[in-house]
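Read from first to last, the chains carry the letters A, B, C, D and E; within each, the first residue is number 1.
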Amino acid sequence: MDSMPGQHETQRPADFLRQILGRPAVVKVNNGAEYRGNLVCLDGYLNIVMEGTEEFVGGELKRRYGDVFLRGNNVIYVGPAPAK
Amino acid sequence: MQSAGSAAEGASTNGALTGGSILGEPSDLVRLCLDELVYVKLRGERELVGRLHGYDQHLNMVVGDAEETVMSTEVDEETFEQIVRTRKRKLPLVFVRGDTLILISPLFRQSGASR
Amino acid sequence: MFFAALFQTLVGQVVTVELKNDLCIRGTLLSVDPYLNVRLADVVVTEPEAFPALLALRHSCTVRGSCVRYVHLPPDQVDVQLLQDATRQVASAVKAARVRPVGE
Amino acid sequence: MSQALSEDLDQRVLVCLRDGRLFLGYLRSYDQYSNLVLEDAVERVVVRNEAFADVPCGLRVIRGENVVLFGRVADESGELRMRHRLRQVSEEEIRRMQEAAAADQAAVRRRDKLEWPVFDDGAF
Amino acid sequence: MRSAHVGASSSGDEASGQLLPLELVDVAIGSRVWVILKSAREFRGILRGFDEFVNLVLEDVTEYQFTESGTDTRQLPSMLLNGSNVCVLVPEGGASERTAA
(Lines give C-alpha, C1' and ligand atoms only; values in the text may rest on other atoms or scores of the structure.)
Protein backbone atom coordinates (compact mmCIF):
# COMPACT_ATOMS: atom_id res chain seq x y z
CA MET A 1 0.00 0.00 0.00
CA ASP A 2 2.70 2.46 0.98
CA SER A 3 4.62 1.72 -2.22
CA MET A 4 1.84 3.10 -4.36
CA PRO A 5 3.21 5.65 -6.75
CA GLY A 6 2.29 9.20 -5.90
CA GLN A 7 -0.19 8.15 -3.26
CA HIS A 8 0.69 10.96 -0.86
CA GLU A 9 0.47 13.54 -3.61
CA THR A 10 -3.24 13.03 -4.26
CA GLN A 11 -4.90 16.37 -4.74
CA ARG A 12 -8.58 17.13 -5.22
CA PRO A 13 -9.63 19.93 -7.56
CA ALA A 14 -10.67 22.12 -4.62
CA ASP A 15 -7.23 21.69 -3.00
CA PHE A 16 -5.53 22.44 -6.27
CA LEU A 17 -7.52 25.62 -6.78
CA ARG A 18 -6.86 26.80 -3.25
CA GLN A 19 -3.17 26.32 -3.88
CA ILE A 20 -2.98 28.41 -7.05
CA LEU A 21 -5.19 31.23 -5.75
CA GLY A 22 -3.60 34.68 -5.65
CA ARG A 23 -0.81 33.52 -7.95
CA PRO A 24 -0.06 33.98 -11.64
CA ALA A 25 -2.24 31.59 -13.57
CA VAL A 26 -3.11 30.60 -17.08
CA VAL A 27 -6.68 29.91 -18.20
CA LYS A 28 -7.60 28.45 -21.56
CA VAL A 29 -11.13 28.93 -22.88
CA ASN A 30 -13.22 27.16 -25.49
CA ASN A 31 -12.43 29.44 -28.40
CA GLY A 32 -8.71 28.76 -27.95
CA ALA A 33 -7.89 32.10 -26.31
CA GLU A 34 -5.62 32.04 -23.30
CA TYR A 35 -5.65 34.38 -20.32
CA ARG A 36 -2.59 34.99 -18.16
CA GLY A 37 -2.91 36.98 -14.97
CA ASN A 38 -3.21 36.85 -11.22
CA LEU A 39 -5.96 34.50 -10.07
CA VAL A 40 -8.14 36.56 -7.70
CA CYS A 41 -11.02 34.22 -6.98
CA LEU A 42 -13.20 31.52 -8.45
CA ASP A 43 -16.31 29.47 -7.68
CA GLY A 44 -17.64 25.98 -8.23
CA TYR A 45 -18.81 26.74 -11.75
CA LEU A 46 -15.19 27.63 -12.54
CA ASN A 47 -16.20 31.25 -13.01
CA ILE A 48 -12.87 32.99 -12.57
CA VAL A 49 -11.74 36.52 -11.76
CA MET A 50 -8.20 37.48 -12.73
CA GLU A 51 -6.31 40.75 -12.47
CA GLY A 52 -3.59 42.20 -14.66
CA THR A 53 -4.64 39.83 -17.39
CA GLU A 54 -3.25 39.42 -20.88
CA GLU A 55 -5.28 37.76 -23.60
CA PHE A 56 -3.41 35.59 -26.10
CA VAL A 57 -4.94 34.26 -29.29
CA GLY A 58 -2.76 31.92 -31.29
CA GLY A 59 0.24 32.90 -29.16
CA GLU A 60 -0.28 36.59 -29.95
CA LEU A 61 -1.05 39.20 -27.29
CA LYS A 62 -4.43 40.69 -28.23
CA ARG A 63 -5.61 42.65 -25.27
CA ARG A 64 -4.96 43.55 -21.62
CA TYR A 65 -7.53 43.70 -18.88
CA GLY A 66 -7.33 45.24 -15.42
CA ASP A 67 -9.87 42.86 -13.92
CA VAL A 68 -11.69 40.25 -15.85
CA PHE A 69 -14.51 37.82 -15.11
CA LEU A 70 -14.38 34.61 -17.14
CA ARG A 71 -17.57 32.57 -17.37
CA GLY A 72 -16.83 29.04 -16.16
CA ASN A 73 -18.62 27.10 -18.87
CA ASN A 74 -16.04 28.26 -21.40
CA VAL A 75 -13.03 27.32 -19.26
CA ILE A 76 -11.11 24.31 -20.55
CA TYR A 77 -8.40 24.39 -17.93
CA VAL A 78 -6.78 26.55 -15.30
CA GLY A 79 -3.30 26.12 -13.91
CA PRO A 80 -0.33 27.97 -12.45
CA ALA A 81 1.56 30.00 -15.03
CA PRO A 82 4.59 28.00 -16.16
CA ALA A 83 7.86 29.37 -14.76
CA LYS A 84 9.74 31.37 -17.35
CA MET B 1 -7.84 4.01 1.68
CA GLN B 2 -8.57 7.52 0.77
CA SER B 3 -10.69 8.42 -2.18
CA ALA B 4 -9.83 11.38 -4.31
CA GLY B 5 -13.29 12.15 -5.48
CA SER B 6 -15.89 11.67 -2.83
CA ALA B 7 -18.96 13.76 -3.49
CA ALA B 8 -18.91 15.31 -0.04
CA GLU B 9 -15.46 16.69 -0.61
CA GLY B 10 -16.13 17.65 -4.19
CA ALA B 11 -19.21 19.63 -3.26
CA SER B 12 -17.00 22.08 -1.42
CA THR B 13 -15.80 23.34 -4.79
CA ASN B 14 -19.24 24.84 -5.15
CA GLY B 15 -18.28 27.48 -2.64
CA ALA B 16 -16.09 30.35 -3.60
CA LEU B 17 -12.36 30.51 -3.24
CA THR B 18 -10.69 33.81 -2.80
CA GLY B 19 -7.10 34.88 -2.74
CA GLY B 20 -7.18 37.51 -0.01
CA SER B 21 -8.95 40.03 -2.22
CA ILE B 22 -11.88 42.33 -1.54
CA LEU B 23 -13.72 40.10 -3.96
CA GLY B 24 -15.25 37.18 -2.09
CA GLU B 25 -16.47 35.41 -5.21
CA PRO B 26 -16.32 36.00 -8.95
CA SER B 27 -19.79 37.53 -9.22
CA ASP B 28 -18.66 40.30 -6.86
CA LEU B 29 -16.64 41.73 -9.72
CA VAL B 30 -19.75 41.82 -11.88
CA ARG B 31 -21.61 43.60 -9.11
CA LEU B 32 -18.88 46.23 -9.00
CA CYS B 33 -19.48 46.73 -12.72
CA LEU B 34 -23.10 47.84 -12.22
CA ASP B 35 -23.72 51.29 -13.69
CA GLU B 36 -20.17 51.24 -15.08
CA LEU B 37 -18.80 50.93 -18.58
CA VAL B 38 -17.96 47.34 -19.32
CA TYR B 39 -16.25 45.40 -22.07
CA VAL B 40 -18.04 42.15 -22.83
CA LYS B 41 -16.72 39.38 -25.06
CA LEU B 42 -19.35 37.07 -26.50
CA ARG B 43 -19.22 33.89 -28.53
CA GLY B 44 -19.24 34.26 -32.28
CA GLU B 45 -16.48 36.91 -32.31
CA ARG B 46 -18.69 39.59 -30.82
CA GLU B 47 -17.79 42.35 -28.39
CA LEU B 48 -19.90 44.91 -26.58
CA VAL B 49 -18.89 48.09 -24.83
CA GLY B 50 -21.64 49.69 -22.82
CA ARG B 51 -23.10 50.45 -19.42
CA LEU B 52 -24.15 47.49 -17.30
CA HIS B 53 -27.64 48.03 -15.93
CA GLY B 54 -28.51 44.55 -14.72
CA TYR B 55 -27.44 40.91 -14.54
CA ASP B 56 -28.49 37.65 -12.93
CA GLN B 57 -26.71 34.49 -11.77
CA HIS B 58 -26.60 33.12 -15.34
CA LEU B 59 -24.86 36.32 -16.44
CA ASN B 60 -27.86 37.33 -18.49
CA MET B 61 -27.36 41.08 -18.73
CA VAL B 62 -28.94 44.34 -19.77
CA VAL B 63 -26.46 46.76 -21.32
CA GLY B 64 -27.24 50.35 -22.30
CA ASP B 65 -25.70 52.70 -24.87
CA ALA B 66 -23.73 49.80 -26.21
CA GLU B 67 -21.55 49.52 -29.25
CA GLU B 68 -21.29 46.06 -30.70
CA THR B 69 -18.35 44.90 -32.79
CA VAL B 70 -18.67 41.75 -34.87
CA MET B 71 -15.57 40.30 -36.46
CA SER B 72 -15.77 37.95 -39.39
CA THR B 73 -13.13 36.50 -41.67
CA GLU B 74 -13.97 36.13 -45.31
CA VAL B 75 -12.07 34.81 -48.27
CA ASP B 76 -11.86 37.18 -51.20
CA GLU B 77 -13.51 35.59 -54.27
CA GLU B 78 -10.79 36.75 -56.62
CA THR B 79 -7.53 36.80 -54.72
CA PHE B 80 -8.36 34.13 -52.09
CA GLU B 81 -7.05 36.59 -49.52
CA GLN B 82 -8.28 36.32 -45.97
CA ILE B 83 -10.07 39.50 -45.01
CA VAL B 84 -10.98 40.29 -41.42
CA ARG B 85 -14.11 42.40 -41.48
CA THR B 86 -15.38 44.25 -38.44
CA ARG B 87 -18.89 45.61 -38.31
CA LYS B 88 -20.00 48.02 -35.62
CA ARG B 89 -23.48 49.05 -34.56
CA LYS B 90 -25.14 50.93 -31.74
CA LEU B 91 -27.49 49.11 -29.40
CA PRO B 92 -29.42 51.61 -27.25
CA LEU B 93 -30.63 49.05 -24.71
CA VAL B 94 -30.09 45.35 -25.09
CA PHE B 95 -30.71 42.18 -23.13
CA VAL B 96 -27.82 39.75 -23.62
CA ARG B 97 -28.34 36.07 -22.94
CA GLY B 98 -25.68 34.85 -20.51
CA ASP B 99 -24.82 31.60 -22.24
CA THR B 100 -23.09 33.51 -25.04
CA LEU B 101 -20.81 35.37 -22.63
CA ILE B 102 -17.09 34.57 -22.52
CA LEU B 103 -15.83 37.39 -20.31
CA ILE B 104 -16.72 40.71 -18.82
CA SER B 105 -14.26 43.39 -17.74
CA PRO B 106 -14.90 46.77 -16.15
CA LEU B 107 -13.35 49.52 -18.25
CA PHE B 108 -12.72 51.80 -15.25
CA ARG B 109 -10.28 49.27 -13.78
CA GLN B 110 -8.72 48.39 -17.08
CA SER B 111 -4.99 49.04 -17.00
CA GLY B 112 -4.35 49.02 -20.72
CA ALA B 113 -6.50 49.23 -23.82
CA SER B 114 -6.26 46.86 -26.74
CA ARG B 115 -3.26 47.17 -28.93
CA MET C 1 -36.62 34.69 -13.03
CA PHE C 2 -35.33 38.17 -12.52
CA PHE C 3 -35.27 39.05 -16.21
CA ALA C 4 -38.57 37.29 -16.77
CA ALA C 5 -40.03 39.90 -14.43
CA LEU C 6 -38.38 42.67 -16.43
CA PHE C 7 -39.81 41.30 -19.67
CA GLN C 8 -43.18 41.02 -17.97
CA THR C 9 -43.20 44.80 -17.56
CA LEU C 10 -42.57 45.14 -21.30
CA VAL C 11 -45.58 43.13 -22.44
CA GLY C 12 -47.36 45.14 -25.11
CA GLN C 13 -44.16 46.89 -26.20
CA VAL C 14 -42.40 46.34 -29.50
CA VAL C 15 -39.09 44.50 -29.11
CA THR C 16 -36.63 42.92 -31.51
CA VAL C 17 -35.42 39.43 -30.73
CA GLU C 18 -32.08 38.51 -32.27
CA LEU C 19 -31.40 34.80 -32.38
CA LYS C 20 -28.09 32.96 -32.30
CA ASN C 21 -28.64 32.00 -35.95
CA ASP C 22 -28.64 35.76 -36.75
CA LEU C 23 -32.38 35.84 -37.40
CA CYS C 24 -34.04 39.05 -36.18
CA ILE C 25 -37.73 39.19 -35.39
CA ARG C 26 -39.56 42.34 -34.42
CA GLY C 27 -42.93 42.11 -32.76
CA THR C 28 -45.13 43.07 -29.87
CA LEU C 29 -44.22 41.17 -26.74
CA LEU C 30 -47.16 38.96 -25.79
CA SER C 31 -45.73 36.88 -22.98
CA VAL C 32 -42.57 35.51 -21.42
CA ASP C 33 -41.99 32.49 -19.18
CA PRO C 34 -39.31 31.68 -16.57
CA TYR C 35 -37.10 30.11 -19.27
CA LEU C 36 -37.29 33.42 -21.13
CA ASN C 37 -39.15 31.82 -23.98
CA VAL C 38 -40.91 34.76 -25.56
CA ARG C 39 -44.08 35.08 -27.59
CA LEU C 40 -44.44 37.91 -30.07
CA ALA C 41 -47.42 39.22 -32.00
CA ASP C 42 -47.52 40.91 -35.40
CA VAL C 43 -44.07 39.61 -36.17
CA VAL C 44 -41.83 41.03 -38.86
CA VAL C 45 -38.66 39.25 -39.95
CA THR C 46 -36.21 42.11 -40.40
CA GLU C 47 -34.06 40.36 -43.02
CA PRO C 48 -36.59 38.53 -45.18
CA GLU C 49 -34.03 37.93 -47.93
CA ALA C 50 -32.04 35.71 -45.57
CA PHE C 51 -35.04 33.82 -44.23
CA PRO C 52 -37.77 34.09 -46.88
CA ALA C 53 -39.63 31.05 -45.64
CA LEU C 54 -40.36 32.84 -42.37
CA LEU C 55 -42.42 35.44 -44.21
CA ALA C 56 -45.23 32.96 -43.80
CA LEU C 57 -45.25 33.86 -40.09
CA ARG C 58 -47.62 36.63 -39.23
CA HIS C 59 -50.05 36.22 -36.45
CA SER C 60 -47.70 35.26 -33.63
CA CYS C 61 -44.45 33.53 -33.00
CA THR C 62 -42.88 31.76 -30.04
CA VAL C 63 -39.09 31.83 -29.67
CA ARG C 64 -37.18 29.40 -27.48
CA GLY C 65 -35.22 31.28 -24.83
CA SER C 66 -32.02 29.30 -25.27
CA CYS C 67 -31.84 30.34 -28.93
CA VAL C 68 -31.86 34.05 -28.14
CA ARG C 69 -28.70 36.12 -28.42
CA TYR C 70 -30.13 39.59 -27.77
CA VAL C 71 -33.43 41.22 -27.09
CA HIS C 72 -33.34 44.84 -28.18
CA LEU C 73 -35.44 46.77 -25.70
CA PRO C 74 -37.17 50.14 -25.99
CA PRO C 75 -34.93 52.40 -23.81
CA ASP C 76 -37.76 54.75 -22.84
CA GLN C 77 -39.73 51.84 -21.39
CA VAL C 78 -37.05 50.61 -18.98
CA ASP C 79 -36.12 52.40 -15.77
CA VAL C 80 -32.42 51.50 -15.63
CA GLN C 81 -32.04 52.90 -12.10
CA LEU C 82 -34.77 50.57 -10.90
CA LEU C 83 -33.13 47.72 -12.78
CA GLN C 84 -29.77 48.37 -11.12
CA ASP C 85 -31.35 48.50 -7.67
CA ALA C 86 -33.22 45.27 -8.31
CA THR C 87 -30.03 43.64 -9.56
CA ARG C 88 -28.19 44.60 -6.37
CA GLN C 89 -31.01 43.29 -4.21
CA VAL C 90 -31.20 39.97 -6.04
CA ALA C 91 -27.41 39.60 -6.02
CA SER C 92 -27.18 40.03 -2.26
CA ALA C 93 -30.15 37.74 -1.69
CA VAL C 94 -28.55 35.03 -3.82
CA LYS C 95 -25.31 35.45 -1.92
CA ALA C 96 -27.01 35.25 1.48
CA ALA C 97 -28.86 32.10 0.48
CA ARG C 98 -25.73 30.28 -0.58
CA VAL C 99 -23.90 27.93 1.76
CA ARG C 100 -20.92 29.40 3.54
CA PRO C 101 -18.07 29.45 1.08
CA VAL C 102 -14.95 27.42 1.69
CA GLY C 103 -11.45 28.78 1.71
CA GLU C 104 -12.10 31.62 4.11
CA MET D 1 -43.65 28.15 -23.38
CA SER D 2 -46.46 25.69 -22.75
CA GLN D 3 -49.13 28.12 -21.62
CA ALA D 4 -48.63 30.02 -24.86
CA LEU D 5 -48.74 26.77 -26.84
CA SER D 6 -52.38 26.14 -26.04
CA GLU D 7 -53.33 29.09 -28.23
CA ASP D 8 -51.67 27.44 -31.21
CA LEU D 9 -53.36 24.08 -30.69
CA ASP D 10 -55.00 22.70 -33.86
CA GLN D 11 -53.58 25.61 -35.85
CA ARG D 12 -51.29 25.23 -38.83
CA VAL D 13 -47.83 26.14 -37.50
CA LEU D 14 -44.42 26.65 -38.98
CA VAL D 15 -41.59 25.18 -36.89
CA CYS D 16 -37.98 26.23 -37.35
CA LEU D 17 -35.36 23.77 -36.05
CA ARG D 18 -31.83 24.39 -34.86
CA ASP D 19 -30.34 22.80 -37.97
CA GLY D 20 -32.34 25.24 -40.10
CA ARG D 21 -34.98 22.78 -41.26
CA LEU D 22 -38.59 23.89 -41.41
CA PHE D 23 -41.72 21.90 -40.79
CA LEU D 24 -45.37 22.82 -41.20
CA GLY D 25 -48.29 20.98 -39.77
CA TYR D 26 -51.34 21.10 -37.56
CA LEU D 27 -50.24 21.30 -33.94
CA ARG D 28 -52.17 18.49 -32.28
CA SER D 29 -50.30 18.04 -29.03
CA TYR D 30 -47.38 19.23 -26.94
CA ASP D 31 -45.88 18.73 -23.48
CA GLN D 32 -43.93 20.71 -20.88
CA TYR D 33 -40.67 20.27 -22.84
CA SER D 34 -42.45 21.79 -25.84
CA ASN D 35 -42.10 18.55 -27.73
CA LEU D 36 -44.57 19.04 -30.57
CA VAL D 37 -46.85 16.71 -32.49
CA LEU D 38 -47.61 17.87 -36.01
CA GLU D 39 -50.32 16.24 -38.11
CA ASP D 40 -50.37 16.36 -41.93
CA ALA D 41 -46.84 17.68 -41.68
CA VAL D 42 -44.59 18.71 -44.54
CA GLU D 43 -40.94 19.55 -44.50
CA ARG D 44 -40.50 22.84 -46.32
CA VAL D 45 -37.21 22.54 -48.16
CA VAL D 46 -35.87 25.93 -49.22
CA VAL D 47 -33.00 26.62 -51.58
CA ARG D 48 -31.47 30.05 -51.21
CA ASN D 49 -33.77 32.76 -52.42
CA GLU D 50 -35.10 30.73 -55.29
CA ALA D 51 -37.54 28.03 -54.54
CA PHE D 52 -39.16 25.76 -52.03
CA ALA D 53 -40.87 22.42 -51.97
CA ASP D 54 -43.21 20.90 -49.43
CA VAL D 55 -42.27 17.28 -48.83
CA PRO D 56 -45.10 15.44 -47.05
CA CYS D 57 -44.03 13.51 -43.96
CA GLY D 58 -47.36 12.64 -42.31
CA LEU D 59 -47.36 12.70 -38.51
CA ARG D 60 -44.26 14.21 -36.91
CA VAL D 61 -43.07 14.36 -33.34
CA ILE D 62 -40.52 17.14 -32.90
CA ARG D 63 -38.22 17.19 -29.91
CA GLY D 64 -38.58 20.46 -28.04
CA GLU D 65 -34.90 21.12 -27.52
CA ASN D 66 -34.38 21.29 -31.28
CA VAL D 67 -37.04 23.94 -31.81
CA VAL D 68 -35.81 27.49 -32.40
CA LEU D 69 -39.18 29.08 -33.00
CA PHE D 70 -42.63 28.39 -34.27
CA GLY D 71 -45.72 30.31 -35.11
CA ARG D 72 -49.06 30.21 -36.78
CA VAL D 73 -49.31 30.49 -40.57
CA ALA D 74 -53.08 30.52 -40.75
CA ASP D 75 -52.88 33.95 -42.28
CA GLU D 76 -52.94 33.75 -46.10
CA SER D 77 -51.14 37.01 -46.73
CA GLY D 78 -47.99 35.69 -45.09
CA GLU D 79 -48.01 32.66 -47.34
CA LEU D 80 -48.51 34.95 -50.34
CA ARG D 81 -45.59 37.16 -49.36
CA MET D 82 -43.41 34.10 -49.09
CA ARG D 83 -44.52 32.82 -52.49
CA HIS D 84 -43.70 36.20 -53.91
CA ARG D 85 -40.04 35.45 -53.17
CA LEU D 86 -39.89 31.70 -53.56
CA ARG D 87 -41.47 29.67 -56.33
CA GLN D 88 -42.84 26.28 -55.45
CA VAL D 89 -41.25 23.32 -57.18
CA SER D 90 -41.52 19.55 -56.96
CA GLU D 91 -39.55 17.45 -54.51
CA GLU D 92 -37.33 16.09 -57.32
CA GLU D 93 -36.59 19.59 -58.52
CA ILE D 94 -35.68 20.91 -55.05
CA ARG D 95 -33.34 17.95 -54.43
CA ARG D 96 -31.55 18.74 -57.72
CA MET D 97 -31.24 22.37 -56.66
CA GLN D 98 -29.93 21.35 -53.24
CA GLU D 99 -27.24 19.21 -54.83
CA ALA D 100 -26.22 22.05 -57.14
CA ALA D 101 -26.01 24.46 -54.20
CA ALA D 102 -23.96 21.94 -52.20
CA ALA D 103 -21.57 21.52 -55.14
CA ASP D 104 -21.15 25.29 -55.28
CA GLN D 105 -20.25 25.40 -51.61
CA ALA D 106 -17.80 22.54 -52.04
CA ALA D 107 -16.07 24.56 -54.75
CA VAL D 108 -15.76 27.50 -52.38
CA ARG D 109 -14.30 25.22 -49.72
CA ARG D 110 -11.76 23.86 -52.21
CA ARG D 111 -10.70 27.40 -52.99
CA ASP D 112 -10.28 28.03 -49.25
CA LYS D 113 -8.03 24.98 -49.06
CA LEU D 114 -5.80 26.46 -51.76
CA GLU D 115 -5.30 29.37 -49.45
CA TRP D 116 -4.72 27.04 -46.52
CA PRO D 117 -2.59 24.14 -47.74
CA VAL D 118 -3.61 21.57 -45.20
CA PHE D 119 -1.83 18.50 -46.43
CA ASP D 120 1.92 18.08 -46.45
CA ASP D 121 1.74 14.96 -48.56
CA GLY D 122 1.54 16.77 -51.85
CA ALA D 123 -2.16 16.10 -52.25
CA PHE D 124 -2.52 19.27 -54.26
CA MET E 1 -26.17 14.20 -10.46
CA ARG E 2 -23.71 11.37 -10.36
CA SER E 3 -23.55 8.72 -7.69
CA ALA E 4 -21.85 9.79 -4.52
CA HIS E 5 -20.07 6.45 -4.20
CA VAL E 6 -16.92 7.39 -5.97
CA GLY E 7 -14.48 4.63 -5.30
CA ALA E 8 -15.13 4.91 -1.57
CA SER E 9 -13.55 1.69 -0.34
CA SER E 10 -14.52 -0.55 -3.20
CA SER E 11 -14.11 -3.80 -1.23
CA GLY E 12 -17.70 -4.89 -1.86
CA ASP E 13 -17.43 -4.31 -5.55
CA GLU E 14 -14.13 -6.13 -5.80
CA ALA E 15 -15.87 -9.25 -4.59
CA SER E 16 -18.26 -9.07 -7.51
CA GLY E 17 -15.40 -8.21 -9.86
CA GLN E 18 -17.16 -5.02 -10.86
CA LEU E 19 -15.42 -1.71 -11.29
CA LEU E 20 -17.59 1.37 -11.44
CA PRO E 21 -16.50 3.96 -14.01
CA LEU E 22 -15.32 6.48 -11.45
CA GLU E 23 -13.50 3.75 -9.52
CA LEU E 24 -11.44 3.24 -12.63
CA VAL E 25 -10.58 6.93 -12.53
CA ASP E 26 -9.76 6.62 -8.83
CA VAL E 27 -7.46 3.70 -9.56
CA ALA E 28 -5.67 5.78 -12.20
CA ILE E 29 -4.61 8.39 -9.64
CA GLY E 30 -0.85 8.69 -9.59
CA SER E 31 -0.44 7.23 -13.05
CA ARG E 32 -0.39 8.75 -16.51
CA VAL E 33 -3.69 9.30 -18.24
CA TRP E 34 -4.74 10.32 -21.71
CA VAL E 35 -7.74 12.65 -21.74
CA ILE E 36 -9.72 13.35 -24.91
CA LEU E 37 -12.06 16.32 -24.90
CA LYS E 38 -15.25 16.79 -26.91
CA SER E 39 -13.37 19.26 -29.09
CA ALA E 40 -10.19 18.62 -31.08
CA ARG E 41 -8.03 18.74 -27.97
CA GLU E 42 -6.26 16.10 -25.90
CA PHE E 43 -4.10 15.99 -22.79
CA ARG E 44 -1.56 13.57 -21.38
CA GLY E 45 -0.36 13.83 -17.80
CA ILE E 46 -0.24 12.31 -14.35
CA LEU E 47 -3.64 12.22 -12.68
CA ARG E 48 -3.45 13.72 -9.19
CA GLY E 49 -7.12 13.81 -8.29
CA PHE E 50 -10.67 14.43 -9.42
CA ASP E 51 -14.13 15.29 -8.10
CA GLU E 52 -17.67 14.19 -8.83
CA PHE E 53 -17.86 16.44 -11.89
CA VAL E 54 -14.76 14.61 -13.21
CA ASN E 55 -12.81 17.83 -13.01
CA LEU E 56 -9.26 16.45 -13.19
CA VAL E 57 -6.05 17.61 -11.54
CA LEU E 58 -3.20 16.77 -13.91
CA GLU E 59 0.53 17.17 -13.49
CA ASP E 60 3.37 17.25 -16.03
CA VAL E 61 0.85 17.82 -18.80
CA THR E 62 1.19 17.83 -22.55
CA GLU E 63 -1.64 19.56 -24.38
CA TYR E 64 -2.40 18.59 -27.98
CA GLN E 65 -4.56 20.77 -30.16
CA PHE E 66 -5.45 19.45 -33.58
CA THR E 67 -5.86 22.11 -36.24
CA GLU E 68 -6.16 22.05 -40.00
CA SER E 69 -2.47 22.80 -40.28
CA GLY E 70 -1.27 20.13 -37.86
CA THR E 71 -0.96 19.48 -34.15
CA ASP E 72 0.04 22.14 -31.64
CA THR E 73 1.56 20.81 -28.45
CA ARG E 74 2.60 22.54 -25.28
CA GLN E 75 3.81 21.59 -21.83
CA LEU E 76 2.31 22.72 -18.54
CA PRO E 77 3.46 21.82 -15.04
CA SER E 78 -0.08 21.26 -13.72
CA MET E 79 -3.70 22.14 -14.37
CA LEU E 80 -7.29 21.65 -13.40
CA LEU E 81 -9.15 20.34 -16.41
CA ASN E 82 -12.84 21.25 -16.56
CA GLY E 83 -14.79 18.00 -16.46
CA SER E 84 -17.61 19.30 -18.63
CA ASN E 85 -15.41 19.06 -21.72
CA VAL E 86 -14.00 15.61 -20.97
CA CYS E 87 -15.08 12.90 -23.38
CA VAL E 88 -12.69 9.95 -22.82
CA LEU E 89 -10.16 9.17 -20.09
CA VAL E 90 -7.66 6.39 -20.80
CA PRO E 91 -5.31 5.17 -18.04
CA GLU E 92 -1.92 4.65 -19.62
CA GLY E 93 0.03 2.05 -17.66
CA GLY E 94 0.96 1.92 -13.99
CA ALA E 95 -2.67 1.44 -13.05
CA SER E 96 -2.52 -2.35 -12.99
CA GLU E 97 -0.10 -2.38 -10.01
CA ARG E 98 -2.57 -0.37 -8.00
CA THR E 99 -5.53 -2.63 -8.66
CA ALA E 100 -3.46 -5.55 -7.42
CA ALA E 101 -2.79 -3.83 -4.09
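By definition in this document, contacts are C-beta pairs under 8 Å (C-beta built on N, C-alpha and C of every residue); 3 or more make two chains touch, one makes a residue touch a chain.
Chain by chain, the UniProt names read as follows: A, B, C = Sm domain-containing protein; D = U6 snRNA-associated Sm-like protein LSm1; E = U6 snRNA-associated Sm-like protein LSm5.
Because the structure is a prediction, the values reported are computed rather than measured.
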Closest chain to the centre of mass proxy, which here is the mean CA position: B
A-B or A-E, whichever has more C-beta pairs in contact: A-B
Averaged-CA centre spacing for the pair subunit E and subunit C, given as whole angstrom: 40
Distance from the mean Cα position of subunit D to that of subunit C, given in whole angstrom: 25
Subunit B-subunit C separation of Cα centroids, rounded to whole Å: 18
Between subunit E and subunit B, distance of the C-alpha-averaged centres to the nearest whole Å: 30
Set of subunit E residues in contact with two or more other chains: 29, 48-51, 55
Residues of subunit C whose C-beta touches two or more other chains: 101-103
Sequence positions of subunit A contacting 2 or more other chains: 1, 10-14, 17-18, 21, 30, 43, 73
Residues of subunit C that touch subunit B when the two form their complex: 1-3, 6-7, 20, 36, 65-66, 68-75, 78, 80, 83-84, 86-88, 90-91, 94-95, 98-104
Subunit C-facing residues of subunit D, complex: 1-5, 7-8, 14, 16, 18, 20, 22, 34, 44, 46, 49, 52, 64, 67-75, 77-79, 81-82, 85-86
Of subunit A, residues touching subunit E in the complex: 1, 4-7, 9-17, 26, 30, 32, 46, 72-73, 75-80, 82-83
Touching residues on subunit B, where the partner in the complex is subunit A: 1-2, 4-5, 9-10, 12-21, 23-30, 39, 43, 59, 98-99, 101-106, 109-115
Subunit E residues touching subunit A - in the complex, by the definition given at the top: 29-31, 37, 39, 41, 43, 46, 48-51, 55-57, 61, 65, 75-82, 84-85, 94, 97-98, 101
